[in-house]
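After this come two complexes, each holding chain A, first together with chain B and then together with chain C.
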Partner chain A sequence: MRNKRNWKLEILGILLGILWLLPFYLMFVNSFKTKKEIFMDVTSPPEQWSFDNYITAFEELDFLQTLFNSLLITISSVVLIIIFSAMAAYALSRAKSRISTVLFFIFVAAMLIPFQSVMIPLVTVFGQFEMLNRGGLIFMYIGFGASLSIFLYHGALNNIPKSLDEAARIDGANRWQVFWHIIFPMLKPITVTVAILNIIWIWNDYLLPSLVINKTGSETIPLKMFFFFGEYTKQWHLALAGLTLAILPVIIFYFFAQRSIIKGVSDGAIK
Partner chain B sequence: MAKLLMDQLTKTYDNKVTAVENFNLTVEDEEFIVFVGPSGCGKSTTLRMIAGLEDISSGTFSIDGKKMNEVQPKDRDIAMVFQNYALYPHMTVYENMAFSLKLKGMPKAEIKDRVRNAAEILGLMDYLNRKPKALSGGQRQRVALGRAIVRDAKLFLMDEPLSNLDSKLRVQMRTEISKLHQRLKTTTIYVTHDQTEAMTMATRIVIMKDGVIQQVGTPKEVYDQPDNVFVAGFIGSPAMNFFNGRIEGNYFVMGQTKLLIPDSALPEGLDNQEVIIGLRPEHITHKPVKDESTVEVNLDVVELMGSEYMVYATLEGHSFVGRVDANLDLAAGTVFPMAFEMDKARFFNPTTEKRIR
Partner chain C sequence: MRTKDFAYWLFLAPVLIALTLVVVVPMLLGVYYSFTSWNGINTGEFVGFQNYIDLFKDERFLDSLWFTTKFSVISVILINFIGLSLALIVTSRIKSSSLLRTTFFMPNLIGGLILGFIWQFIFIKVFASVGEMVGMESLQGWLSTTETGFWGLVILMSWQMAGYIMVIYIAYLQGLPKELLEASEIDGASSFQRFRYIVFPLVAPAFTVSMFLTLSNTFKLYDQNLSLTGGGPYNSTEMVAMEIFKTAFMQNAFAYAQAKAVIFFVIVAIIALLQVYWNKRREVEM
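Take a look at the complex of A and B:
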């Protein structure tokens, strides 16, 4: 019985898959067309598979520098969010007091504040400290990413028995060694979840970098993409080639990290 | 190897609850001390104060004459085995055992030697590359012991290390821990709520109740000479039987029943006094010849244990347990003569519940 195929479910799955892949198909095929071809028929494959759009987009986007900016900002922010959030959640989960409870609720409450409501004063304050640059942006991402990450880590940490900390302390570890050698490795499943959530958000973010990055050469990929969308003309052929280039690093990342991402998410689900 | 001194040790929490009060104990080198008592009696808290995992509210704790109150756990030179083993799940058995040595910065070759040596003692050689989740409960417990052994610490602390094991494995591990102590001779403090573990393993037992020591003594002392009703009832299985009554001359009288007490067993000055007497089940039994301490009782329940019967009956409103040889033919609901060996009776003050000697 278990081996019998469920055709209805399979067809539904295939349809959903097609629906999911359709935007990627449109992006991919149109990235090889000329602007005229796109406007004539958006769904058909190109008459001629030419990489001209890619070469132009690569140059116009200053792709290597932009990719470096995006990677620098995303990796730095995510690594720092992971380290600081795990440490903060560890302190909050282990030092049970009224203050730690209040602090935890402040972090949780921060998740409910929409970014748009704080962006103007935030940018003004950062401007006064001359931090409207990549460093300032990383700093902001840590602030915005920390609350959800702390919330997730806190939940996971409550399931790790305190006797492990105590055993490590008796084994001769100081607080930092307890965290780094014992607790942090045990948080791997939740670290993968935190990393995925933050990488997706930070890599794709447009609004915050658009407010903070105002120096040529420091732009991230989503910022640079708007180079192709002028006030009067939209260069779809170049933009789609640029977009294809932009999603490549994420796909490559997923390809290499796929096994540990799936393991991390499923480990987290079981626990 | 260590000599410990606990002087007026007290633990009071922020909410003013006192978990341990005026705990006084001297532990000699190589002793195996067992803290025993019911849940919430403060035995684990005392152990945690010794380990440095709980702050000491007042009093002094010293190891080999050196005050330890403010010393960090890692600097006390102690090893501890936890109830839930507390093995590091992401490390192999080898890494678990080697962790403390690595932190000390010990050379790799020496770490290897020590871990292998401990693994050999505990029969863990085949499991060194396994993670804790791939081990059985007994093996995990051995790893926890191994982690303590490799340290070569002055003092071993064990917090109910066998309570997560099934009864058969518990008996086996009990013997192994005793053997280990005989071999290593490390001063050990062991916490349990199981009086059988306490009786079988300890050189001295510390019996606690509500944060206060009730009695300290060898297993034989606390069994034969309990200081109060609590100790008498807690140590021994089945527990000691208690009867409330009055001394009249050489007789213990309760209701219509009179039991003759031999002169040698009766403490002085008890005539016409209310007392509680305690008799162990093995001292309420069957004797071929009836005398003035034999009473006909109605048997409520009879349990055949193999070599003997456990006999449950009621006398003057007091439920009690006796032990009778299995050669006899007994059945519940029948009347049977039970002999109360009054020369073995222990006398307690009904108000203070302390033993009258």
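Take a look at the complex of A and C:
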């Protein structure tokens, strides 16, 4: 009885899995076709696996530059978010007082604010002070990313006893050393979670870069993809090759880090 | 470390500065601007509640609010139903479990903008060609009507977010005591009874998290909306986030858009607080 039921679930699961991958499969096979072939038939594999579409898409997307921009912005923002949020959460968790409680509350409350509610003043003010483009964008990501990261670090820090800090202080370490040499290494699991959540968000973000980046050559992948797609509407063979290129880095990242990614996302949502 | 120590403020300074400049100041400025006639160039004059009075008569805004609400309610139900089903499938004793988890979760790693473009191809080209093959008229012209645009968005979001919600349910399902399930099986409980009386109550906290996440994600949706339908046809599939964006940057009605953004914030905040409150109470009762 039990074997039969699991066997049915297995089939159901695999069928659903295929259904889930179908959009990616269709994107992939059609990205190798000519315009005419797509017009004739979208479901079968291409007659010839030609890379012509990819060559065009690669050039039009200025792919290496765009990839570099995305990597630069994502890595810098995430590293800075980790450093600054961990430090802030440490201060808030070690100095228990009314000020800390209020500050922590402000950080948590800021999570409720949707981006659209601050976007117009944000962009105009930063525009007036000429703080747009890559540098300004990274700074904004710190502001928007700090809340959740502080919240997660704060929870983890409350589980590390204060006596540890005090012991190290007696041994002659200053606060800076205590934090970076003793406490921060112990936060490694939550750092992985914080890193993954912020990487997924910043890498894929479209709206903020679309408002902040106005220099050609500084675009991130989603931003460039939006322009590219607009230019090649109705030319699906090129659009699909571009889309495949755009998701390739993510698929590679997922392939190597899927376990930590799924764990990180689930921890981040539950805490 | 104490709050009067210099080190305390040194550790907090970078994030405090960033949060203040990026979130706090724009939020306060935004509330102020919403009472003026600011258009981005001229500061404008103080107009009191005029923008707020106008927006409650603004059909396009109200339509987008209604569309967003319908979309969110249906998506939340579907995403949670599919997510929980997927979680139950992959946590049962099947061989392909970990491969399936990886598969179902994958769409979440890719940006909504790109996913919307991929599905635009599916709905427009693939649906039409499959419809032609099997002779189904209803598969033609997807995304060109309000109805198909609506369901297109629902399908896209369910496909994307179900795997995310699945991961959350899995975390709770794995915390279930195995002995309890086995004991109830020996006592002759059917699989439905086991689900209803043991799994369901113990997984209840997962509903808090999942409902909150899906509701806030669907209500604030922008990227997928932009890339899949662009709000068309005739702005009929425009959601609130997009409506605010267009009011601000296409009509240059900054102050008016900001008033809409303040209302948007109030709604999002109320939903979040209600959800937390309601679910916490229910958990205690159970």
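To be clear about the criterion, the second predicted complex is superposed on the first by the 237 of 271 C-alpha atoms of A that agree within 3 Å, B and C clash if a C-alpha of one lies under 4 Å from a C-alpha of the other, contacts with A are read in each partner's own complex, and residues count from 1 in each chain.
The rule is simple: a contact is a pair of C-beta atoms (placed from the backbone, for glycine too) under 8 Å apart; a residue touches a chain by one contact, two chains touch by 3 or more.
Predicted model only: the values in this text are computed from it and were never measured.
Chain B and chain C, once both complexes are superposed via chain A, fit side by side. Ranked by how many residues of chain A each touches, chain B and chain C are led by C.
Judged by the touch definition given at the top, the superposed model places A:F105 against neither chain B nor chain C. When the two complexes are laid over each other on chain A, the CA centres of chain B and chain C sit 100 degrees apart as seen from the CA centre of chain A, to the nearest 10. When the two complexes are overlaid on their common chain A, residue A:F68 makes contact with neither chain B nor chain C. In the superposed model, A:M27 makes contact with chain C only, not with chain B. Using the contact criterion defined above for the overlaid structures, shared-chain residue A:F51 touches neither chain B nor chain C, since it reaches no partner.
Contacts of A:M119 after superposition: chain C is touched, whereas chain B is not reached. This overlay, made by fitting chain A, leaves chain B and chain C with a least C-alpha separation of 10 Å.
No residue of chain A lies in contact with both chain B in one complex and chain C in the other.
Of all residues in chain A, those touching chain C in their complex are 6, 9-10, 12-14, 16-17, 20-21, 23-24, 26-27, 30, 38, 41-43, 80, 83-85, 87-88, 90-92, 94-95, 97, 99-100, 103, 106-107, 110, 112-122, 124-125, 139-140, 142-144, 146-147, 150, 175-176, 179, 200, 203-207, 222, 225-226, 229, 236, 239-240, 243, 246-247, 250, 253-254, 258, 261-262, 265-266, 269-270. Per the touch definition, chain A reaches chain B in the complex via residues 161, 163-164, 166-174, 177, 181-182, 185-186, 188. For chain C in complex with chain A, the residues that touch the partner chain are 1-3, 5, 7-8, 11-12, 14-16, 18-19, 21-27, 29-30, 33, 40, 86, 89-90, 92-97, 99-114, 117-119, 121-122, 125-126, 129-130, 159, 163-164, 167-168, 170-171, 209, 213, 220, 222-223, 226-227, 240-241, 244-245, 248, 254, 257-258, 261-262, 264-265, 268-269, 272-273. The part of chain B that touches chain A in the complex is made up of residues 51-53, 72-74, 78-80, 82-84, 86-90, 99-100, 103-104, 147, 151.
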